[in-house]
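Just below sit the structures, each encoded as structure tokens.
Each of the next two complexes has chain A plus one other chain: chain B in the first, chain C in the second.
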Partner chain A sequence: MAGSAEAAASTSSRRTLARGPRRGLLAFLGRREVLPTVLIAPVLIFFIIWNTIPTLWLLGLSFYRFSLTSGRPPIYSGFYNFTSILNDSSTWFDLSRTFIFVVLAVGIETIAGVLLGLLFWGSERLPGRRVALTLLFAPMVVTPVAAGTFWRLIYDPTFGVLNWFIRSLGLPAVRFLSDANVAFGAVLAVDVWMWTPFMVLMMLAALASVPKAELEAAEIDRLTWFQRFRLVILYHGKFILMLGILLRTIDAFKTMDLIFDMTFGGPGTATQLIAISLFRSAFESFNMGSSSALAVVLLLISIAFTATFLYVLYLRERRTADA
Partner chain B sequence: MSHIRFEGIGKSYRGRPALEMINLDVEPSSLTVFCGPPGSGKSVLMRILIGLEAPSAGRILSNGQDITRLTAAERSIGYVPQSFALFPHMSVFDNIAYPMMLQGVPRAEITSRVDQAAEMLRIRPLLSKRPSQLSGGEKQRAAIARGILKNADIFILDDPLVGLDFKLRESLMEDLKDMRTEIDATFLYVTADPLEALTMAEHLVVMDQGHLIEAGPVDTVYYDPTRLRAAELVGFPRCNILPGRLDMPGAICTTALGALQVSLQDGAAATETMVAIRPEDIAPAASDSAPLGVGEVTLVENLGSEAVVYVRFGETTLVTTISAGATAHVDLGDPFPFMIRPGAPIVFERESGWRIGRASPVLAGTRND
Partner chain C sequence: MSERVRESLYHALLWLVSLIFFAPVFWIALSSFKTAPQILAVPPLLFFRPTLANYARLLAEPAFQHHFFNSVALSVLAVLVAVAVSFLAAFAFSRFRPAATNFLMFLLLSIRMLPGSAAILPVYLMYVAFGWKDSFVGMTLFYAMFSIPFSVWILKGFIDGVSPRFDETGLVNGASWFSIITRLTLPQVFPGVVAALIFNFIFVWNEFLFNYIIGGINTSNIPVMLATGLSNGGGIDWTFLSSLTTVYILPPILMVYFFQRYLLVGMTFGTVRGEV
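Showing the complex of A and B:
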């Protein structure tokens, strides 16, 4: 018995020598179930501190009446903040304005992105293509506040370059940002200028996923250009394109900084999107309970967007697989 | 039926030549196989013929008409690409039928022709399925059906059997040959496999590094190649290539197998040579005759009906084939007395690779210089 124990100890020691010393922290990290947890922990901790806790805090605060200017402690009010938001007509106006903005901005950006993407895709051997692409992507990397500032200058009725062109054509100057009929379109145009490159990028990624052989087969089989686009390009690129539309929709829904710098929601409420009214409620009126409730509503709308897109995509995939 | 003529076709990518001066006539209603190692330019030549790429030089004539500048859609060519290129969102039936639908073929005729092709390629039960539900071989057969059902005078099959298992390749080769007899059109078939090339071809075109090195009826290319590289590339098992030295007068070529008496073509001179001997031209010596040499068996590969035997003779390893019945008498390390069929060795000039004559072994006492 003792002999066998000695033999076992000797074998174990030989194994240790063969593998080298693995003790303490290294041995602990070396365990299969530990290492992935350790690697993912920093991201998880960051996510919990900066995302989960604030969201839960926001959710909790939305059930309280709490104003930073009153000096009173928060008072639990149940769904009062939510019902008052839903009963406030200005919220509905802001929301509908936001939806119109989102539909127009994302729609124009998608169409322009698809067309420009096809243009750049079809001109792979054109000299200067890379320079043109770099210039095209430049607006996307500009800070929205900086973009807002220089577009405000471009739109300026007195010394703006755009009005200089308009006046040089003998037309009266346009008050782009102070005319209620024009301001929405002017702000929308800047958003389109800024984010069309993103859709071009997504379209180019979508086009890269299209098998060349299928395109060639379609060409040989005399499919029209539109048939090739519909049957081959859109079929293979739709997931990436849909992802781009989803990301842009969520982002456009949150548009704040650009408008904040250009019109601050004005003139009147002509460009007041829901994110601007949320900002005003939180940081002008300091009504934290009500603004938290509005933020929760916006979060739910964003989640609804995502869920709808993913559901539509999933349904199409399933239909294709079933057929 | 189309007669195709390639006239001085060249193609380069960023200054790197992929094809150089290809001149070739493809006879109407023929089956021409383009054979060569990967990167030899055969697929590029086909892509130029289809119209998917423009040549850097030269032109293509179809029935005397210059089609070089026509788009792929304007050329009446049926194409089976290497990568299937089936549309994933269409059923197999629709994949096969849509080129005909676009050509305005009546629905009843489309159904009947698809059924016929499906029957021939044994894919009838698969017609309602999507490409994602098919195996590699089934996809390939669907792609072949789509390519051949197009109303075209020229059909190009670009390595259509690559990646398929041996059994399926064998059966599809038979199918393609049957189909070829049914459809009166010009067929161009691309493959990197010399065995497949020899099995399929009526006419064989051998390509290497962007050059056309040999073209002609398959038997001529195999038994009577004019270029050393053609002898090397066409044939299975590989051709035995031995260095030699041709001495004049007397036209005796000295090789590792001994002296060969060369029957020279006009204008040949003393030179360094390469001698090509097909495996089937090296045979075990009969017991009652003197062998050319006695080697040692180093490897036997049994292929079923025959076996490939590798024989070491001095510093040289020779490849030969023997019938399956004879394998029982051949074992590793056994002595292998062999002889070479007179007139079979082909002698090439080493530097240019051009053929300069044929040779016969000089047996002891028969040398006449």
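Showing the complex of A and C:
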């Protein structure tokens, strides 16, 4: 019984694979001029409904004075929103705080990632390698909000494990997340913990792209470690490393969930990155007009980042094609 | 002999580094087996009599069941929709290279590069105007939209790697485009499909902000539950929070273990291929 059904299924599948010319709607949709449009259509529909329309909405609204709480209809105000957010010193403080955060986070993660990547380079014969790498890469897939939660436990001034270490060294307890001088560093440290593994991953990929023969040649030529790193490893691995740095830069610029749960931009504005300040103005003050203008500014910044990323990507592809 | 000693020392160092990175996760997992006074004990306890009471309480909690169900349903449905739709588009982008391919790929990527609060603001305005806020379908489709860029990028990379000769051979032998897509191409890019499914799942699973803004009581997932109000009469309810966190971060970590060969492709939008 089951055998005959199987046989029937296999003949019918053979028939569909080798079907003659067909007529009707399916044949029309399968024509070479039409097919690409048909295939892309679902994605385009998603894209238009959830991206194009909202973005146009956002662009439009950025030229209006509109607050959700006032109950008054939007009033056209030209470039007022843009000039007011760009003249507002707090926007620039938040942007420069974000800039410092991104530079420090990405810088530390890259240096640590390169060093740890070199360390893990020869790890093929490590016993339990897969488990070890899972443990190493775990931080980057942990739910950011959850990470914020357990770092709050670790950072706690009274029963946190970190302060216990500090106190056992005879030093006074540190209020990591509520002391304005420390909070920024504390949040940065969590970001470094979370994303250094990503740079390790990218460094391992970069190292894997280095041809073995050239490394052996470098060894025979008695190049120093630093020369081997600069002339052989960086020469071949720089594109992958660059893509990693760019992805990390874009992601660090977006940092939100982690901070939301740990400090929510506080104390004061010590950890208020631009994503948090936009959240506050949009979803706490419901000041939709000026929030839209800020969102448009961030959109332009992101487009610049994306363009840079693609530029490096195509540069790499072109060079791989030439080689 | 000294060579072997050196190698063991090296391996011990690698394990030590891995364990240091995992230590914070281990700490919350350890705390989830403690009673409330044990969590708040000074000095912190490393050895104690473990209790499963927190987990019993967590699993019996209706709010947990509700949010957990939402987390699972949203991630699975959104990702399935996104990958199905993206696969077709990626095939078209790879094979037919329509006029605006590069521009569309660029636009798709730029959605994912935008800070979350800027991406969600216009969608929030639209959802409020249309009355789609806190609707399960609205939430799923939005997550699907947000998973599409990543999936198209990853799948296009994989389809580019399959020779178009397979299509030509299929066409010559009278196969329809439908069979070429589903039965000649799909099996060959299966790893890409798996990578797209896994990494989009992890993204939606971990996502908090969008759900918090355009979701509501019907659609909120565990991250929203974690970030909003879990205090228990003034203090934070650490026993509940630690078991909840542990349960929730386990699936992504297991996925890293089981799908480690896709990790690189998954973390770089498919732009860097290879294994670690």
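Here, the second predicted complex is superposed on the first by the 284 of 323 C-alpha atoms of A that agree within 3 Å, B and C clash if a C-alpha of one lies under 4 Å from a C-alpha of the other, contacts with A are read in each partner's own complex, and residues count from 1 in each chain.
Just so we're on the same page, a contact is a pair of C-beta atoms (placed from the backbone, for glycine too) under 8 Å apart; a residue touches a chain by one contact, two chains touch by 3 or more.
Please read these numbers as outputs of a predicted model, since none were measured by experiment.
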item: Combined model on chain A where chain B meets chain C, clash or fit; value: fit
item: Dominant toucher of chain A (residue count), chain B or chain C; value: C
item: Contacts of A:220 with chain B and chain C, given as first, second, both or neither; value: first
item: Touching partner for A:127 - first (chain B), second (chain C), both, neither; value: second
item: Partner chain in contact with A:238 - chain B first, chain C second, else both or neither; value: neither
item: Which superposed partner A:211 touches (first chain B, second chain C, both, neither); value: first
item: Superposition-derived minimum Cα distance between chain C and chain B (Å); value: 11
item: List of chain A residues in touch with chain B within their complex; value: 211, 213-214, 216-217, 219-223, 231-232, 235, 320-321, 323
item: Touching residues on chain A, where the partner in the complex is chain C; value: 16-20, 22, 26, 30, 32, 35-37, 39-40, 42-44, 46-47, 49-51, 53-55, 57-58, 61, 116, 119-120, 122-123, 125-128, 130-154, 158-161, 164, 168, 193, 196-198, 201-202, 204-205, 208-209, 240, 243-244, 247, 250, 253-254, 256-257, 260-261, 274-276, 278-279, 282-283, 288, 291-292, 294-295, 298-299, 302-303, 305-307, 309-310, 313
item: Of all residues in chain C, those that touch chain A in their complex; value: 7, 10-11, 13-15, 17-19, 21-22, 24-25, 27-28, 31, 39-44, 85-86, 88-89, 91-93, 95-96, 98, 104, 106-111, 113-118, 121-126, 141-142, 144-145, 148, 152, 170, 173-179, 181, 183, 202, 205-206, 208-209, 213, 222-223, 226-227, 236, 238, 241-242, 245, 248-249, 252-253, 255-257, 260, 263-264, 267-269, 271-272, 274-276
item: Chain A partner contacts - residues on chain B that touch it in the complex; value: 50-52, 71-73, 77, 79, 81-89, 91, 98-99, 102-103, 130, 132, 150
